[in-house]
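First chain A sits with chain B, and in the next complex the same chain sits with chain C.
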Partner chain A sequence: MFRRFLTRFFLRFGLAAFTLLALGPVVWAVVTSLLPLSSLTARPIDLNPANITIENYILVLDSSRGLFSGLINSFIIALFTSAVGLVIGSMAAYALARLNMPNSNRILMMILATQMFPGIVIVIPLFLVMSRTRLVDTHFGLIIVYLSFILPIVIWILKGFFESVPMELERAAAVDGASPLQTFRYIVLPISLPPLFATGVFAFIEAWNEFFFAIILTRIHVKTASIAIAEFSGQYQTLYGQMLASAVLASIPVVALAIIFRRFILEGFVEGAIKA
Partner chain B sequence: MATLELINIVKKFGDFTAVDNVNLRVEEGEFVTLLGPSGCGKSTLLNMTAGLEDVTSGEIHINGKKVNELGPFERDVAMVFQNYALYPHMTVEENIGFSLQLRKRPKNEVRDKVQKVAEMLELDKLMHRLPRELSGGQQQRVAIGRAVIREPSIFLFDEPFSNLDAALRLKTRGEIKELHQRLGVTSIFVTHDQEEALSLSDQIAVLRLGHLEQYGTPEEVYLKPASKYVARFIGTPQMDFFVGEFVSRDGLCYQMGAASIPLPDSIKVPNTPVDVGVRAEFVTLGSTGFDAVIRLVQPVGPFTYVTVDWQGGSVTARVNGVSHMKPKQNIKVEINPEGLLFFDRNTEKRMDLL
Partner chain C sequence: MMQTTNEYNRKRYRLGLWFTTPAVIVLLTVLAYPIFASLVLSFLRVRFAGQGLSFEFNGLNNYADLLRKELFREALFRSVYFTVIEVIAVIILALLVALMLNHPLGRSAFYRVVLLVPWALAPVANAVLWKWIFNANYGILNQALAGLGLIKENIIWLGSPWLALNMILLADIWKAVPFIALLMLAGLQNIPSYLYKAARLDGANVWQQFVHVTLPGLKTTLVISIVLQSIWALKVFDLIYVLTKGSPADSTILLNYLSWRETFSNLDVGYGAAIANVLFALMFMLALVYIRALRPRQIKREG
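Right after this comes the complex of A and B.
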């Protein structure tokens, strides 16, 4: 009895603490975005609900401020990165998991090795290459760069899943007359939808939130949302209200994705553990 | 329908030889079982026949044509897998019709054929269920349906009953036998269950560590096992073996510890040492024979298996009905010489001495 009480107490306490930690900044961001700068700079901070205003949102959505075009750029880049990443990544992962190619372990290790360099090490050479190939400040350039670090993750996650697909399913398909491509298309892909969604959402979020490469490899045309948000912090003042209003707006697509595909994401990440 | 011939089949995984020079001929319409414990190479042999695994050397002929290079589909074989391998995202109907759909057959033709097969297997009320909504026996029938609809020239079964409980296993066994009688399609069946093999097969191939130990009818492998290994593997309860010697007292005897079995004089006694094996149905307990003490009484319904000991030996007898014998009771044992099997002690091969 007492033990059960203790277990429950600690479980609830832990969950509450975690929720507080996770949601605290979000709540603060929302609150801040709804207050005028004067309330935020007052000492102590003036949290009077009477001051609540959506002025910040109206201001940042003004097309001249760059956030709107930033959101569009981010969306294009994240969408293509995750889509192309899934198509190439799933095929590569399936090949590595199932096609008994020579050296597939070495290929896997090489894919993993590309992840071992911190971004700061490669960013200068990368910039040089990109600028010579005129890819700086283009959607295409940024998509390629994002794919370079998203693909390895996609490949590793999906390879693990494809390996958990029972071999006999694919053998049954072969006996039924399916070619390897048909087996992939009609059997492996449909039963892999949850992990594919999960990985796709993951790739989208990674690309959406990326900041470091975006700030170096873009100038004017392809500024992403994360850069547009950062630009609210100027040399002389930081427009906290607008910055956080932008941040709230920028997180809406990601949160929406997570909610819509919640079931798939959950299934996707536990799938490997249970028998398909 | 087809004949199948395996010629000098070898399969190696690195240094390990899984299948070692197996030769096997399956006639048109025969039901052949590959029987052996796990690791004897029976599933590997089946997979190679299906075209799911390459042979290291040797040739596979179907209808007299070499098929080594052909994929499973071109070999015109259909397979029922151990865990059924039903496509989890497809309904019963789609599972059964998948092979026809791949071949882009007209929709109504597919539907009609699936319907026919489903009716035959009593699946027609479950057409729109997913595999996970079916019982084990129903899943098993879908797997069979998927094979049947192809009208293949050879059926391959890879331990299809191992996931079923005992009662269902017996029922499905009957269904498979009926199916074979009705369709008459050449079938290869893999199992480690000797009773399944005896009850289903026209021919049984007993495998041991990748070798073909014996290939014969159920009667042959039961009554005339080629070796001690086969004798031990086939039949319930397991055959008893005696390590003794031939002696001549008032006529020829086989002496095993304190007991001896009188033998007909017609037996040709070889120079090599000989072990003797006997099945429980040739052992009689009663008031004649040599003395022994009951150790174990195991009723199984129609019979009771009674194990007795004597100094230097032990044997199990099959007694009809429920026996009221008790352990530690003294009893006399008689062994019918007609049921004796002789094995070369060194090679373990059976010898014809009668």
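Right after this comes the complex of A and C.
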């Protein structure tokens, strides 16, 4: 009985410590983003709630700062990357799962291995080619490059799902005279909408958060939110509140998506990574 | 009947080709070609001549440079240190978190949400967040330690070489634990509960159950976690870019950052590509381990 009590005591303590450590830094960032600079630079820091203000947010969204256009660019790029990735990726995933492609297992392993290339290896030649074709600093260029890491994930997740679609369903369609394309279009796709949508959300988060390719392949016109924040934190090092406000703004959409679609991320993607 | 089946299968095969073509074209353009080109570039000397580029065969000189330059050796050493410590720390912490969340007391959805927040956070936002926490004058870390009476004067966390590297490591570990914990949680839930029951019937205590049931059951998950985390640790960039830009005295430069700087700041494209290829080789070996770890199950399921 006492042992049981002790176990429970330590567990509760551990869970509390875990929650504090995981959320503490984030909560701290949100709280301090709502305080004026004078409060942040007081010693000790002045946490008087009377000082709470959204001034930092208004200032960073000013058009001269590049964050607002950065958020829009990130949105456009993430949206198109996930949309194109879903269309191309779902077709390839279906082919690998159900259309008797030769060596489909080997192809899948290769696709998975592509996840593990360091971005720097591909970005140096891509930068040279894209400078010559004037694709640097365009939405199109960045979207294409983002497909290099989005597409493999999409194919991997959706292939697993398509395999779970009962074979009988497709056989029945074939018996009724449906061509393979019609089967895919009218039978498989409609029942796959939830996982398709959820995979799209996952791709969106990944594309939104990307930084490394963006810093190399953008200059002025398509700076993403991440780039705007990094530049801001380099230029205005001492405007702590504004720095944090921009970080919070760029994180809200993805954190919200992750929480809303947590069931899928937990069951679909995470398990997919450990089960081939 | 036979013929229609054949025809149907042929149609399926043709559709399969059509369906895989776009993905293959994209992946060839943005993955296969650049990987090949980067190998070629590493044997060239690339110069920016006016508007264009000039290429000149440079033999193995870029790779010889690697061995000669101290900064590369230091960056390689630091990358290995960073990766080893990060993997050990992340695996242990993530396993602890996963075990807690797998216990009936930790099953609530609330803790899953807690895990997802650091994971989903934009990496640059994460970097900015830690820059603020580590701030020497106003950062909460110094204030908390001073409040507890542990330090007398402010520590400049990102100001001295070894310390700065370890603070970056700390920020990266914080960001990495949640995803690996989620992987392990999924792994734990795949261990059949009758194994625990059987172990208890045999009189195994909690620790013995952990060693003889949990750890063997988690073997694949552990291998995959170690490989994925090593790869991610070798790729670290955002944190260095925002927190230190490699300072003080180039002491926080890791391989990925070095390759980027040589290529895009110093415009030494061939040398940068050579560094990138070393990184690639390291990761490729890790990727092979990952694939090997996944494979046995696949064969079992097909058979």
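Throughout what follows, the second predicted complex is superposed on the first by the 229 of 276 C-alpha atoms of A that agree within 3 Å, B and C clash if a C-alpha of one lies under 4 Å from a C-alpha of the other, contacts with A are read in each partner's own complex, and residues count from 1 in each chain.
Throughout what follows, a residue touches a chain if its C-beta (ideal position, glycine included) is under 8 Å from a C-beta of that chain, and two chains touch if they have at least 3 such contacts.
Because the structure is a prediction, the values reported are computed rather than measured.
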(request) Classify the contacts of A:Q182 with the two partner chains as first (chain B alone), second (chain C alone), both, or neither. (result) first
(message) Counting residues of chain A touched by each partner, does chain B or chain C come out ahead?
(response) C
(message) Applying the document's definition of touch, where does A:A174 land relative to chain B and chain C: first, second, both, or neither?
(response) both
(request) Classify the contacts of A:L151 with the two partner chains as first (chain B alone), second (chain C alone), both, or neither. (result) second
(message) Looking at A:P49 after the superposition, I want to know if it touches chain B, chain C, both of them or none. Which is it: first, second, both, neither?
(response) neither
(message) Shared contact residues on chain A, chain B side and chain C side combined as an intersection?
(response) 174, 276
(request) Spell out the residues on chain A that touch chain C in their complex, using ranges where they run on. (result) 8, 11-12, 14-15, 18-19, 21-23, 25-26, 28-29, 32, 40-41, 43-45, 88-89, 91-92, 94-96, 98-101, 105, 109, 111-129, 144-145, 147-148, 151-152, 155, 174, 179-181, 184, 205, 208-209, 211-212, 215-216, 225-226, 229-230, 233-234, 240, 243-244, 246-248, 250-251, 254-255, 257-259, 262, 265-266, 270-271, 273-276
(message) For the complex, give me every residue of chain A touching chain B.
(response) 166, 168-169, 171-178, 182, 186-187, 190-191, 276
(request) Could you please specify the touching residues of chain B with respect to chain A in the complex? (result) 47, 50-52, 71-73, 77-79, 81-83, 85-89, 98-99, 102-103, 146, 150
(request) Mind listing the chain C positions that touch chain A in their complex? (result) 8-9, 11-13, 15-20, 22-24, 26-27, 29-31, 33-35, 37-38, 41, 53, 96-97, 100, 103, 105-106, 109, 111-125, 127-133, 135, 137-138, 140, 143, 147, 174, 178-179, 182-183, 185-187, 190, 220-221, 224, 228, 231, 234-235, 237-238, 241-242, 245, 256, 259-260, 263-264, 269, 272-273, 275-277, 279-280, 283-284, 286-287, 290-291, 294-295, 297-298
